[in-house]
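Structures for review follow.
Each of the next two complexes has subunit A plus one other chain: subunit B in the first, subunit C in the second.
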Partner chain A sequence: MGRKLLLEHINEPGIQTFDVYRQKGGYRAVEKALKSMSPDDVVEEVKKSGLRGRGGAGFPTGMKWSFLAKPEGVPRYLVCNGDESEPGTFKDRYLMTHIPHALIEGMIVSSYALGANTSYIYVRGEMMPQIRILERAIAETKAAGLLGKNILGTGYDLEIYVQPGGGAYICGEETALLESLEGKRGNPRIKPPFPAVAGLYGCPTVVNNVESIASVVPIINDGGEEYAKIGIERSTGTKLISAGGNVKNPGVYEIELGVPVEEFIYSDEYCGGIANGKRLKALVAGGSSVPILPANLISKTINGDARLMTYESLADGGFQTGTMMGSGGFIVFDEDQCIVRNTWNFTRFYHHESCGQCSPCREGTGWMEKVLYKIEHGQGSIADIDLLWDIQRKIEGNTICPLGDAAAWPVAAAIRHFRDEFEWHVLHPEESQSRNYGLAHYADPIKPVAQ
Partner chain B sequence: MLSIQENQPVEFSAALLEQFGEIVARYPENQQKSALLPILHLVQAEYGWLSTDSMDKVAAYLHIQAIEVYEVATFYTMYFLKPQGKYMLEVCRTGPCCLVGAEKIMQHIENRLGVKEGEITADGLFSWRGVECMAACGYGPVLQIGPEYTFYENLTEKSVDELIDTLRDKAKQQA
Partner chain C sequence: MAEEVVKFKVTIDGIPVEVEPGTTILNAARQIGGDIVPPAMCYYSKLEGTGGKCRTCLVKVSKGSEKDPRPMPKLVASCRTTVMDGMEVQNITSPDVVEARKGVVEMLLINHPLDCPVCDQAGECKLQDLGYEHGDEGTRYEFERRTFERIDIGDKIQLHMNRCILCYRCVFVANQLTDEREHGVLNRGDHSEISTFIHKALNHDFVGNVIDVCPVGALTDKTFRFKNRVWFTKPVDAHRDCPTCAGKVTLWYKGDEVLRVTGRKDEYGEVEEFICNTCRFETKHTSDWTLEEPTPVDHESVIGANHYLNFNPPSVIHEDKKLQLANEEQLARTERLK
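After this line comes the complex of A and B, so read on.
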């Protein structure tokens, strides 16, 4: 059983309320930081912890904080990214629903570290119930004197507001999120300037994921060095993994980074194996944008080492034979799933969600969707598969924001690892409409479901 | 597209305007445009959709151009630019939910309600559509119903039937 830092008290009745959260040791980090640490001390602890952004990019949080510009007389902002929209990812929803004060406490400590007196939590609009939960939590915290003017008599003032989005995946990109928070369309900005210099309202701003901000609480309570002891190499601490698709026990799990992928899939402590006695076909380990892996590259890397749930091990082999930790959106495919259909589905998603600023993404995602639709529906040709490869290559790296890459990578990986399945659709147009291709011939060895 | 034909004149109530004011107070001076998305949610919750007139009045309230409201309302998928059924069933249609049967659920809803995606039932009670990932992939298939965005998880054809019956009864009682 691994250590739980974020979800330790998740099963405590009433943990959603301020009183129970406080009884369980909540808001100790606020007291410690505000009363006995300088803002720079807090930044230093987060740096020592090795915490990497939990939204998907994995950039070191402490380093991001240290880039924040601090011109005289200009307000600074902390904006929490709760736009969770990456298909496969539902960890932030879970955290905000069940233990909202973990986020509020993290917001207070982080805002203090950055010198922000007004902070916003941007939550996707569909999570209206979670927005209400957070607003209630903020009101409770304020009533207890841990938020608002002169917190704990330290002279530090902070207000936190919750902002709803309008239903747009692109607003998970930090500059699009800032545009949206300013009441505009979610069109990503050209960088530089980075938000650390010119973010919200042109002021220095840090944008951090919900889970990253909540993770600051145990880092301050136990110290950055203690946090860094958990995990392996540069993958420190714990991570929330949201497991879905064809697993026996879908849900949100807090893991110590370093758990073997095979254990995560098959152990009863986590996913409990593949649902309905089926066999594993493929895995999308970190949200729909990361490269899909066929069964033979999931438990072991290409060199035969056990594949671990760490940033490094998941990425082992690069995009040829590896993938990414991403957001922790863990999507498991059983033998009955069609890779072509899923790739078409994901591509339709990216086409729908492209903001339209950059031609390669706006046009390319639509072309890929159409070509994939053709192949999936038995109307494709072998040349179409090469065309897909060509389009995705021309999107990648040629757009303002990473949505283009996020759309290109799943298509590239699907063709790289499952080209035979694409060809089968082309060569057997009628058969492909009545049955699935099943397991790829090389997707072996496959671990049988534990009896 | 903005609907000119179906425009609906509105007059914001004092209670609604008070809520607008609370939202505007969250932002620094002269940044009241930040209130646009939350205010549009409130307007939609009140009227069921965003008529051109309602958007024009929001623009006037926030001291911004009408086009600034239109460009936001047309960008974000949660805003309805034409009237919908009283209950809009929004079913997740993205990959992870499809792995656990979302497509069958959408087909079932279409059959059960007898209307295609985006259409409204003759009694005005229901419409439905597929939406992109709702960040609930472990509980799929899922659907949500605004304006409170209540979630219905692990859907089966049976649970969808029950939900539709419940909503129909609820509407009858309210009538």
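After this line comes the complex of A and C, so read on.
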């Protein structure tokens, strides 16, 4: 049984209320940080913990905080990115629904560390219930004197506001989020300058994911070194994984980083295996933008090592044979799923969500969707597969923000690993409309690469 | 004591240049000039905040700076990346850049109607130039293109959204002229469109400049629409005493008639000074203006070619009887002009 840090008291009745959360030891981190630590100590502690951003990119949170510019007389802001919209990811929503105070507590400690007196939680517009929950939680915290002016008599002031977004995926990109928060159209900004220098209203800003901020609480409570003991190498601590797709028990699981992927899929503690006794065909390990893996690359890396749930192990083999931790949207596909159809579906999403600011993404995502639609519906040709490869290559890396990459990677990986399924669709146009390609050879063991 | 001037040395495609700190790669390249200048569809030096969107000006930074010689991992937008001392940039000497740019041109054209034969911008269209200089021949796109209805923005300007490449230049013009954000972008992705607040007419003394900044034929002058092809008109620089603007313009003549008035554009298609609506739309008589001299026109431009003084049929026609026969009428006209 792995350790639980964020979801320790998840089954406690009434944990979403301030009183129960406080009884269970909540807001200890606020007391500890504000009364006995300096802001720099808090940053140092987070650095020691090795916490990496839980939003997708996995950038070390402590390092991000230390980059924050601190000019005199200019306010600094902490913005919490609750715009979780990646297909397959629903961990932040779970956290905000069931333990909103974990986020509020993390916000207070993090804002204190960064010297922010105003902080924002930007939540996706569709999550109205969660916005209400957070607003209630903030009101409760304020009534208890843990938020507002002169918190716990330490002289530190903090106001937290919840801001609903308009429901655009692109507003999860940090600079688009800031634009949207300022009341403008949610177009990503051109970097540099980075938000750490000129972010919200031109002031130094840190944007962190909901889970990253909530993770600061156990780090302060137990100390960074204690936190770093969990996990393997540079992947420390626990991580929320939202498991979905064809598994027996879909849901949000808190894992210690380092659990083998195989165990996570098949153990009864987590997903409980593939639903309906089917066989595993493919896995998207970290939300729709990360490369998809065929069955034979899931439990073992190309070198034959066991694949673990860590940032490094999932990325082992680069984009050739690896994938990414991403935001923890764990989507499992069984043998009845069609990879072409799934890729089309993902691309449809990116086409719909592209902001339309820079040309390769604006035009390319729509083009890829149309080509994929054609192939999926039995109208494609072999040249279309090569065309698709070429389009994704021309989008990747040439755009302002990572949405272009996120749209290109799933297509690239699907063609790289499942090219014969695409070809089967082209060569058997009628058959492909009535049945699926099935598992085929995707679970066959891979011959080790001779060095 | 003379103030010490710090200058950064940058090498673009092997050509060194010294520029002020804070200059962008694109502007450093423009100081060198010639073929190594990256094309720019959305950057407009006179408008603050433009650039970075069209991705045609992507270049490769093969050496970051003297202090940190690591190359940049991705291609960068040269219009928004400032130079560092000792930076080495590859533009046309990098196959990656040429390839990426070809991709961008193709992407820009997949939803473009390619209606140049009926477009007023044809002949001075930046997208035509871009496609000709950097694009591939032919397209691999075989689907329906997005379409929009035409919109009248005020009584003098027409918006033809089908042709728009969403460079946002006009949005910046409108934003920087007025306090209200009434001209902007609606929707998202490839169905986003330039529009005004519920089709509200833009009403500002300088709003006609959105026509000048538009690199394609999306925003056109209704007083000039379908009057003539630009390559049949002759541009002449002129000025007048204007109470609202500097009054320095280019008049486009056909015979004795002034067909349209635009700002004076430099070699990158950027106006020197924005002109007011009165100069642009309402003073179209030679008597309103003091003429200066014919506007210098690039020899390679179709506007320059309009005079046919140096027109030579390609040599392949001279060598092939069949082609000569097919071009009989045109060759006769050429003879007449000699």
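Here is the rule we use: the second predicted complex is superposed on the first by the 442 of 451 C-alpha atoms of A that agree within 3 Å, B and C clash if a C-alpha of one lies under 4 Å from a C-alpha of the other, contacts with A are read in each partner's own complex, and residues count from 1 in each chain.
Here is the rule we use: a contact is a pair of C-beta atoms (placed from the backbone, for glycine too) under 8 Å apart; a residue touches a chain by one contact, two chains touch by 3 or more.
In this text, all values refer to a predicted model and were calculated from it rather than measured experimentally.
Enquirer: Taking the superposition as given, does A:Ala168 touch the first partner, subunit B, the second, subunit C, both, or neither?
Expert: In the superposition, A:Ala168 touches subunit B and subunit C alike.
Enquirer: Determine, under the contact definition given at the top, whether A:Arg185 touches first (subunit B), second (subunit C), both, or neither.
Expert: Once the two structures are laid over each other on A, A:Arg185 reaches both partners.
Enquirer: See if subunit A has more residues touched by subunit B or by subunit C, and give me that chain.
Expert: Touching more of subunit A: B.
Enquirer: Output check: A:Ser354 vs subunit B and subunit C. Expected answer is one of first, second, both, neither. What do you get?
Expert: After superposition on chain A, A:Ser354 lies in contact with subunit C alone.
Enquirer: Please indicate which partner A:Gly202 is in contact with in the superposed arrangement: first for subunit B, second for subunit C, both, or neither.
Expert: After superposing on A, A:Gly202 lies clear of both subunit B and subunit C.
Enquirer: Determine, under the contact definition given at the top, whether A:Gly329 touches first (subunit B), second (subunit C), both, or neither.
Expert: First partner only.
Enquirer: If we overlay the two complexes on their shared chain A, which of subunit B and subunit C does A:Gly318 touch? Say first, second, both or neither.
Expert: After superposing on A, A:Gly318 lies clear of both subunit B and subunit C.
Enquirer: Going by the contact rule set out at the top, does A:Pro75 touch subunit B (first), subunit C (second), both, or neither?
Expert: In the superposed model, A:Pro75 contacts subunit B only, not subunit C.
Enquirer: If you lay the two complexes on top of each other, which residues of subunit A touch subunit B in one and subunit C in the other?
Expert: Shared contact residues on subunit A: 168, 185, 352-353, 355.
Enquirer: Under the stated contact criterion, what part of subunit C meets subunit A in this complex?
Expert: Residues in contact with subunit A: 51-56, 58, 74-75, 77, 80, 99-100, 103-104, 106-108, 110-111, 140-141, 143, 165-166, 168, 184-185, 187-192.
Enquirer: Using the touch definition from the top, list the residues of subunit A that touch subunit C in their complex.
Expert: Interface residues on the subunit A side: 168, 170, 185, 190, 351-360, 362-367, 370, 387, 390, 393-395, 397-400.
Enquirer: Which residues of subunit A touch subunit B in their complex?
Expert: Contact set of subunit A toward subunit B: 75, 84-90, 92-93, 118, 120, 124-129, 159, 161, 163-169, 180-186, 201, 242-246, 250-252, 288, 329, 331, 333-334, 337, 341-342, 345-346, 349, 352-353, 355.
Enquirer: Please give the residue numbers of subunit B that touch subunit A in the complex, ascending.
Expert: By the definition above, subunit B touches subunit A via 26, 28, 31, 33-38, 40-41, 62, 64, 68, 71-72, 75-79, 93-96, 98-100, 131-140, 144, 146-151.
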